[in-house]
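The structure appears below as structure tokens.
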Amino acid sequence: MDLQQLLDDICAGAASHYGQGRVADYIPALASVAPAQFGIAIHTLEGDLYSSGQAQKRFSIQSISKAFSLTMAIHRHGDELWQRVGKEPSGTAFNSLVQLEFEKGIPRNPFINAGALVVADSLCSRLSAPVHAMLETVRLMAGTASITIDRKVADSEYEHRYRNAAMANLMKSFGNFENEVDRVLRAYFSYCALSMNCVELARAFSFLAADGRCPQSGRQWLTKRQTQQLNALLLTSGLYDAAGDFAYRVGMPGKSGVGGGIMAVVPGRFTVCVWAPELNEYGNSVVGLWALEELSKALDLSLF
Amino acid sequence: MDLQQLLDDICAGAASHYGQGRVADYIPALASVAPAQFGIAIHTLEGDLYSSGQAQKRFSIQSISKAFSLTMAIHRHGDELWQRVGKEPSGTAFNSLVQLEFEKGIPRNPFINAGALVVADSLCSRLSAPVHAMLETVRLMAGTASITIDRKVADSEYEHRYRNAAMANLMKSFGNFENEVDRVLRAYFSYCALSMNCVELARAFSFLAADGRCPQSGRQWLTKRQTQQLNALLLTSGLYDAAGDFAYRVGMPGKSGVGGGIMAVVPGRFTVCVWAPELNEYGNSVVGLWALEELSKALDLSLF
Amino acid sequence: MDLQQLLDDICAGAASHYGQGRVADYIPALASVAPAQFGIAIHTLEGDLYSSGQAQKRFSIQSISKAFSLTMAIHRHGDELWQRVGKEPSGTAFNSLVQLEFEKGIPRNPFINAGALVVADSLCSRLSAPVHAMLETVRLMAGTASITIDRKVADSEYEHRYRNAAMANLMKSFGNFENEVDRVLRAYFSYCALSMNCVELARAFSFLAADGRCPQSGRQWLTKRQTQQLNALLLTSGLYDAAGDFAYRVGMPGKSGVGGGIMAVVPGRFTVCVWAPELNEYGNSVVGLWALEELSKALDLSLF
Amino acid sequence: MDLQQLLDDICAGAASHYGQGRVADYIPALASVAPAQFGIAIHTLEGDLYSSGQAQKRFSIQSISKAFSLTMAIHRHGDELWQRVGKEPSGTAFNSLVQLEFEKGIPRNPFINAGALVVADSLCSRLSAPVHAMLETVRLMAGTASITIDRKVADSEYEHRYRNAAMANLMKSFGNFENEVDRVLRAYFSYCALSMNCVELARAFSFLAADGRCPQSGRQWLTKRQTQQLNALLLTSGLYDAAGDFAYRVGMPGKSGVGGGIMAVVPGRFTVCVWAPELNEYGNSVVGLWALEELSKALDLSLF
């Protein structure tokens, strides 16, 4: 099958799915994004790039950054990290604080907010400039020096920080938080405010399809086994409370963000990133999910 | 690598892991099983069989039966089934009744007890003899007419039915239970009391590695896509509250039972079943998990 | 103040509060009760009776029966009963099964459904005819031989028994339920289906205002201290999830039922019963609450 | 009965109950208090004072301060306050954050920590110097100008603030917190760090036995009805998760603190304060509970 043609077909079909979700509106900087947009990009292990639609338009990557920060933390802490955060899928969103309390401050996995806060805390403990280090790493991974953090988004998130602050303080009360809450929140929101496009994200995550080695920089970010493990975690926990449905429909490790982006991995073949700002009730891109399911069915990409 | 040699090596190493868990003891029929036992069997798509240890000794398959009953229910109900049961991993065991109440009687997935009860209920609605039908199906899948249900185990489970009865009644109060609670409990406990060995289980589940077609009977139990979907559900929810850890360590779809068995699938290649009665705190076979991790590492079986 | 005049004034004012609630509709037998009705009766320790409105019209006493069954259980079991049920107010209704699970099958107090089921279970353990015994006791307390159980209501409750059956089974799984679930449910629903009027209820509970001695029968149902303790429990837990608000507004021990009745106690002075079928969101009679607050304010009845 | 003799008898009996609990140890300043101490004081509406044991020794009043701050908040906000905090007893301590999340940031009552934080927040909104104002009020109520705040205790509490900070941030995320979290925490911990003795506390709370009028200062802190309402809240929610048991055993409105103090009210007669530092599992003074139960039985003080 012609991959470019497939992406163009999917892009052409996307418009008929507009209007089924809502753009994230908990901060003004996200609420102002135009809803009817779609981009998709595939970056193969051979270095080929295929894209369609607004694949060059940057958006707020939000929770997709949790896959970057977890990579950095595994790189630095190795297996020690798993003393502080679990590997199990969480139950409903409703349970977030409940579970954190029941499990005495150990978040269930590194992709729920509490878990990503612990990951950010672990980076703050090792790095004097955790935001700068992240930016440099992501630029290196994506091979693009112009990637930046949208300060307006980061500041706006900080102004609405209270629920995350509650979780960080609760973990601190259980002894599972090393740094000042405010410093970690600042770093965490900066990570979420990274502004990237589909092409850059597909390229930046290509190490996940390549046994941990970044084709752009040649850097071995993770060992082969760590890469398999990270992909396993993405599959079981990467899409908020819809990870099971994503595995069922798409069958690939992936990570979504409320900016409307979703990146996914076909180990040994390629990485893909879609973007469409309208979200469903679980905070995942409606059209993005549809596009990845189409792609998976067309190319029989399910790992199962 | 010589597969038979590998299984023999794993079998030889198993003994050094005895004593780290406890045999299930909530009913006498299970509590009396000798702890220091180990069996393993692989059944390839080419029809080759490799086994080591007590691979021919039958044990109580318990929750592994949930993969059989779900297959039968998907076969009969198709996508309709998902109106009554979710596809998402559950949180902690502690939450079972909490979540069931919070989600108004819809179990999170078909492998937690509440979900398997709904699946059994759906079979009771379509089949006049749901236990007989299951037995016939499993015999056909395994190619072994001598497989039976251990009535002593089934009766003993029924005598300790109260927690499952609580869940069934709660679902009935929410309108998500069609038959008399007692009839469904009887069927459910009969399924759990199927007595099979590693070879029979590896053979019976080979359709999961073969796009839904049973090599023994030639029957197409599920479509290719349904098979991928079932494998995806097994990976995200098949090992109780340790599904994330299993994906991380082993990287294969699988289903465990408190009888000490675990079956796992390598799509396109083979199915494997291990058995060792000692369980860890999550109800999974301690030595079985170790054996599957060894196998996965030795043959690089992780799907990720 | 002229008590009769006060009751007549309250009765006259009741009509202006009609229409703010809804008649219980989870079973047909209750749903068919006409909403715009009001009755009130006071029975003093001197034996004087004051009443107004439909104080002679019988209604389904429902959960008010929990105060009768608890009296019988304390009479028979004494302090032993508190090994099986707590004395603390519960949190939200939502939590019922959660709390029961978290506290390992011990209901928080004898007035939530789970607690009343344990109380009924304890009576079934001691009495060969627990329904007959209750009927005889209540007739004696009220001094009215014609009181009966409405079989249609009891049967209808039994047909909708599943949530209560879930709780009973859950308690049985924790070892806190002695008899067959079905037998206890039958008794429990029979108690709830007692049909009485305001005058009969005010008279039947007069022992609670009189240090445990029934003025009608001369029987000492409880010791003085047990009576104080039961009144304390009624105050902290008698009105479902609105006990705090009732104490705040009315300031008297009381017990409500979804039939629209509320009985309350002024220790050393009198008992009062109101009836008005429309319920608020907590399952308490809207007009009944208003009437008791008016009465409490007019006569300065708050115990505090 | 000779009241002084009774208090002396109780004081003499207290020693035999030492050793059954543990002094609060979550902050060093409290952990260093000697456990085997007991004091009791009664202040009657006639102005008579009876005391025994270490009734003049000051201790950290901790949560008893919540009755002071609630009085001040009702005085200033009236019924408006109840838009922000409920009047219902809470379930288990375990549920604190759960309930706060489930009920969207509205604490169940003003005596759990979350509720007291909202009360403190409401005072911070109205008062430019909320700590100074509290100190002046309490001095006036007790008729003792020398009452102070123990800065060491307040600072130590602040250092261990994280669980309270989590709750305050969670409420802020729900829009139920007006001021900066840190400012309110400082005020809240200062209130808890008030250092007073049994005599001072009995005197300071005498307005609760006297329809809201302080006999010392002549000030009407609350209306008669507000006083009844506050007493009702103390009875249903004043003793953490043991309010039901306290009502059952003692039968009086009361408020305890982890410093080992308990104050209680007999409306129309007197206020009493006991102090003994050893706490039971619910955080209430073991010997204090025993003493109040003895007192209640000896004088038949139960309101019920």
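Labels A, B, C and D are assigned to the chains in the order they are written; within every chain, residues are numbered from 1.
We adopt the following convention: a residue touches a chain if its C-beta (ideal position, glycine included) is under 8 Å from a C-beta of that chain, and two chains touch if they have at least 3 such contacts.
Here is each chain with its UniProt name: A, B, C, D = Glutaminase.
Keep in mind it's a predicted model, so treat the numbers as computed, not measured.
Chemist: Identify the chains in contact with chain B (Glutaminase) as well as chain C (Glutaminase), in label order.
Modeler: In this structure, no chain contacts chain C (Glutaminase) and also chain B (Glutaminase).
Chemist: For the two copies chain A (Glutaminase) and chain D (Glutaminase), what rotation in degrees overlays their C-alpha atoms? Round to the nearest 5.
Modeler: Fitting chain A (Glutaminase) to chain D (Glutaminase) on C-alpha atoms yields 180 degrees.
Chemist: Please work out the Cα centroid separation of chain A (Glutaminase) and chain D (Glutaminase), and write it as a whole number of Å.
Modeler: 48
Chemist: Please tell me the distance, in whole Å, between the geometric centres of chain B (Glutaminase) and chain D (Glutaminase) computed from their C-alpha atoms.
Modeler: Centres of chain B (Glutaminase) and chain D (Glutaminase) (C-alpha means) sit 55 Å apart.
Chemist: If you average the CA atoms of chain A (Glutaminase) and of chain B (Glutaminase), how many Å lie between those two points?
Modeler: Centre-to-centre distance between chain A (Glutaminase) and chain B (Glutaminase): 32 Å.
Chemist: Listing for chain A (Glutaminase): what residues touch at least two other chains?
Modeler: 94
Chemist: Answer with line, ring, star, complete or other to describe the graph linking chains that touch.
Modeler: ring
Chemist: For each chain, which other chains does it touch, given as pairs?
Modeler: Chain-chain contacts present: A-B, A-D, B-C, C-D.
Chemist: In the complex of these two chains, what residues of chain A (Glutaminase) are touching chain B (Glutaminase)?
Modeler: Contacts found on chain A (Glutaminase): 86-92, 94-95, 99, 102-103, 108-109, 225, 227-229, 231-233, 235-237, 241-245, 247-249, 251, 253, 267, 297, 302-304.
Chemist: In the complex, go through chain D (Glutaminase) and note every residue touching chain A (Glutaminase).
Modeler: Per the touch definition, chain D (Glutaminase) meets chain A (Glutaminase) at residues 94, 97-98, 101, 162-163, 165-167, 169-170, 172-173, 181.
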